[in-house]
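Consider the two complexes below, in which chain A is the common component and chain B and chain C are the respective partners.
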Partner chain A sequence: MRRLLVGLAAAALAATMGTALAQDKKTIGVSIPAADHGWTAGVVYHAERVAKKLMEEHPNLNVIVKTSPDPASQANAVQDLETQGIDALVILPTDPDPLVNAIKEVKAKGKFVALVDRAPSNNDDSVRDLYVAGNNPALGEVAGKYIAETTPNAEVVIIRGLPIPIDQQRQDGFDKGIDGSAVKVLDRQYGNWSRDDAFKVMQDYLTKYPKIDVVWAQDDDMVVGVLEAIQQAKRTDIQYIIGGAGSKDMIKKVADGDKMVPVDVLYPPAMVGTAMELTAAGLIDQVPVNGTYILDATLVTKDNAEQFYFPDSPF
Partner chain B sequence: MRRLLVGLAAAALAATMGTALAQDKKTIGVSIPAADHGWTAGVVYHAERVAKKLMEEHPNLNVIVKTSPDPASQANAVQDLETQGIDALVILPTDPDPLVNAIKEVKAKGKFVALVDRAPSNNDDSVRDLYVAGNNPALGEVAGKYIAETTPNAEVVIIRGLPIPIDQQRQDGFDKGIDGSAVKVLDRQYGNWSRDDAFKVMQDYLTKYPKIDVVWAQDDDMVVGVLEAIQQAKRTDIQYIIGGAGSKDMIKKVADGDKMVPVDVLYPPAMVGTAMELTAAGLIDQVPVNGTYILDATLVTKDNAEQFYFPDSPF
Partner chain C sequence: MTDTTTTKAPSRSFWRDVDLRAVAPFVALFLLLVLGSFAHDNFLTTNNLLNVMTRSAYIAIIAVGATFVISAGGLDLSVGAMVAFVASLAIMFMNAGSIASPLGMVLAAMAVMVLIGMACGLANGLITTIGKIEPFIATLGMMGVYRGLTTWLSQGGAITLRNADVQATYRPIYFESLFGIPYPVYAIFVTGAIAAFVLYRTSFGRHVIAVGSNEDVARYSGISVERVRTLTYVIQGLCVAIACLIYIPRLSSTTATTGMMWELQAITAVVVGGTALRGGVGRIWGTICGAFILEIVGNVMLLSNVISEYLLGAIQGAIIIIAMLVQRWLVRKS
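== the complex of A and B ==
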């Protein structure tokens, strides 16, 4: 009889604890683009890496990561996550404006929404609680300043991205960075953030300009195309190239002391992880996280490269 | 003999693991003001609360919290933390400018520095890696907008803080918030963020103005003095009071549906915990955290008050 009572008490205790645990269980849904190029491949890698870490650190936290190739399927993914019963949504939109309605539906149900990187035209707290993004003007400015300080008389060719606002912000930042120096910009053509297009633009530059000191390509994927064009042309006048983002291969070159890639400027795909960490901190540890968080465009040098190096990442 | 070998192997394994664990051990030093008034009492509470949570979540993390009553002793505290061997410093300065040198010394040794709330005149990445702060212009704007929307013809008295820049930012924000409405500001006097001074200023207002609709006191401590003055004068014309910060007592009134305190505007002392969470996330989970993080001045209403309520906090 005594044994039975103890057994019943234990069962009751287990049931009570089970209920308490179930009540405390929190779920974060993470909606990101599919790995359609280097940077988004990095986003997928870091979202999955940080999801695993957060679940290890918080036994009552569940993190679901969903990737989507386009806005229409991402809107469905957001709806799916909502149906599964999430407490918070972290979203890096494939394209923000077509996703505003899907995001607002989640927010209208009282769920926390963290928006990463790509902001809709109307980016205020009616759309999201937290906004985490890189710093596009600073990405250009940091590169420009480095060139002005390191090679004050450099003749520079620039490979732009696509003709959209963030590219313009980077260009304006660069011009601010070299302002007052003797750095001369020879040319600025669009390379569309594509390795192949950057290769072609660089081939043109090499034909057109007999002497080039520095290339600012503002994107690590494009640097790969630039390096290949220089190698094929066997040109030895180019002193160095500056990219941007913080890809594994470029960070490795910086860490190894490669003279052609002495620095990189950070616009890290791991920022999705930063938003996930904050979302978890707000849900579980009750710290205030609503706000706007602009990450620095940190200059990556031989000295600090190690902390931005992820050997297992695809990017 | 076999037993001995197994024993030795186990000992060797334990020693190896011990070394690995010792290497992974990280220490965060947190330097904050002593609890000299309500808001800083909240800072101390949340720093200690989040330190405990972070150490539970990360077995290899040590968090040391030190409080200091003035800049000179805080500079010593920072030096002490540095001597104890920290990997990162989270600092909410008593007064930022006199502490710049102490902070820069820590940063020069390659340690991560997170600065909270109070920024020195030169607040760039030469002083800190991460800056977390509240939003003073928005604190005023959110209050102004609430009044303009809720009581569009209100006659308002304002109790200011001290004549320093953040008070001016709050006033400018408020004026932006009521811009275009019929809200009329009757008076603006300094209450020095003090309960007693706010009590006196409110007594003057009650003598001077026969009809007052709304009081904007922009600080929860001052609201306590305002409520007392109204009660003593037995005035029934005042419809409501808006404070700011998010003190336990005011959040409780909002949650309970107190008609005199229908809302509050957040400028949370728990922001020190946000900076601590990010510092831990950067050190342990390797997410990018260098940047500038401005927290929203969230409008606290009956609907969301619960998430900002800490019954055990002194503030």
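== the complex of A and C ==
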């Protein structure tokens, strides 16, 4: 699947370069959450970046990006886009289940619908033609495997996000990743994906455990708090920290060869761009793009970090 | 605060004259410390206790301001968002780098924070008093305004202090100590001492309590209720600014979610500390004690191995309720 995706995206890109001439005017509507925290800020940035790029490449293509703070206003935004006359809708729902009907209505009118990241309980082809998402279990598994391979006897503390399903998927993935190794999990506590809370939790871990080898914080924002807490305690036993998502600050640390942050695991907000590119390819070049695309939770290392670094992004 | 008198039967009247309502939070704090010592061997280490006191500084200082607002019969729900707003503006000011020397830059930023904080407080105060809007709604609205402006300033992401020299100059304010005590702990007690002086020893302080206990009586006695109430919001803004002064050096950045729910923590600290939500009573040291209690509850939970991480919220809530029940019980006994 992942090879297929990369291949398809590349092919789509190459194909769209040459054949944008002599076609009808097409419009893609993009509906995404408003930037209310780091990751969604990244989504907005990448949606606008890719929209601009697509319109430059295809003179006949118009891309409208709309942001909405909550499900109710997003349902209105989808309706407005539909009234403006779109040929395809790319949507990253603030909350998928309340928006299912609004999305289905667009689909019922024969428009192409691409759904990104957050799936409703009933995620089949009656709702969307294309589904692009990151891989939460793999985000945990990749981190777990890296720890098991790099430091096979490590004693690990985990800082979780909020008690919601994707957090649990990441935890289960992590346990699968370290399964069969001698890696020992000392503790898991919630840090609410917040820098301040992660700072507190890490301070308490440092009080509680005289020796910690690795911290898995599974989120780049929380790594900021963890690093400060370790620096304050002047503890030298912690070998490294693994975050997740791919914020520019952490990718930069990886690229610079920071010893405390040797790797990061991707859960890229740029996935909205993947969906937009594929939608444009299907719309303009008539290549088949329907299906489900689960992006890899790629391990970002010093060697490939440059490829994921967006210095202008707010995230 | 705990007055004793010398009478013929000292042992009995000592207990009768101690204001148990004022002592109760300290009893709860003591019980919590005992409980904590069972949770983990490292709980009662100086290092852990200083960590906890240091990080409770934000809530403690904000709650000192809230004690003024609440004892004058008001309420301020906007403080958490105000922290994010004031701190974000200060970081952007420092990033603009208009002053060459890092120390000058930090001092200027501190002045900027104090001014913006007081201006925000003044805005809240004028809306509730001149605008005659219920404080709950007025400050809920302002909470949205401050939070929204912060989100807009940060474009949803983070605002980070870029200049490494300024960062190095500012960082010690949170992380360094004087005589083994971190600076934020001094900040708590100095703020508390000044606040206690203002509330208990000045005519303004007595006016605050008078306005909170009975607005009409206060008005008939010639107190300008609007002026007193507005000033309590300005004090709240000033306290938020002081909290920002020590918030920025910790992580050197703010996000759109900075200070989320801090208003509720501050109000909880005030109430746990023995100040009545209906106004008319203000206990500065109780409030600071309440902030310590809140932070220690979280610390004890995390250090203990017996409690599932899924139950933390429930146990935290239960401990706060128990602390309040202990208070009520002590008061009834007196």
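Following the convention adopted for this analysis, the second predicted complex is superposed on the first by the 292 of 315 C-alpha atoms of A that agree within 3 Å, B and C clash if a C-alpha of one lies under 4 Å from a C-alpha of the other, contacts with A are read in each partner's own complex, and residues count from 1 in each chain.
Note that in this section a contact is a pair of C-beta atoms (placed from the backbone, for glycine too) under 8 Å apart; a residue touches a chain by one contact, two chains touch by 3 or more.
What you see is a predicted model; the values in this text were computed from it and never measured.
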| item | value |
| --- | --- |
| First (chain B), second (chain C), both or neither touched by A:Asp296 | first |
| Which of chain B and chain C A:Gln74 touches, first, second, both or neither | neither |
| Chain B versus chain C as contact partner of A:Gln171, first or second or both or neither | neither |
| First, second, both or neither for A:Ala34, with chain B first and chain C second | second |
| Chain B versus chain C as contact partner of A:Gln307, first or second or both or neither | first |
| First, second, both or neither for A:Asn135, with chain B first and chain C second | first |
| Shared chain A surface residues [contacts with chain B and with chain C] | none |
| Chain B residues touching chain A - in the complex, by the definition given at the top | 46, 50, 53-54, 57-58, 125, 129, 135, 266, 268, 270-271, 273-274, 276-278, 281, 285-296, 298, 307-308, 310 |
| Residues of chain A defined as touching chain C within the complex | 34-38, 40-42, 44-45, 160, 163, 188-190, 194-196, 199-201, 203-205, 207-208, 221, 224-225, 228, 232, 249, 313-315 |
| Residue numbers on chain C that touch chain A, as the complex places them | 40, 42-43, 45, 47-48, 51, 55, 151, 154-158, 160, 175, 250-251, 253, 255-258, 260, 298-299, 302-303, 309-310, 312 |
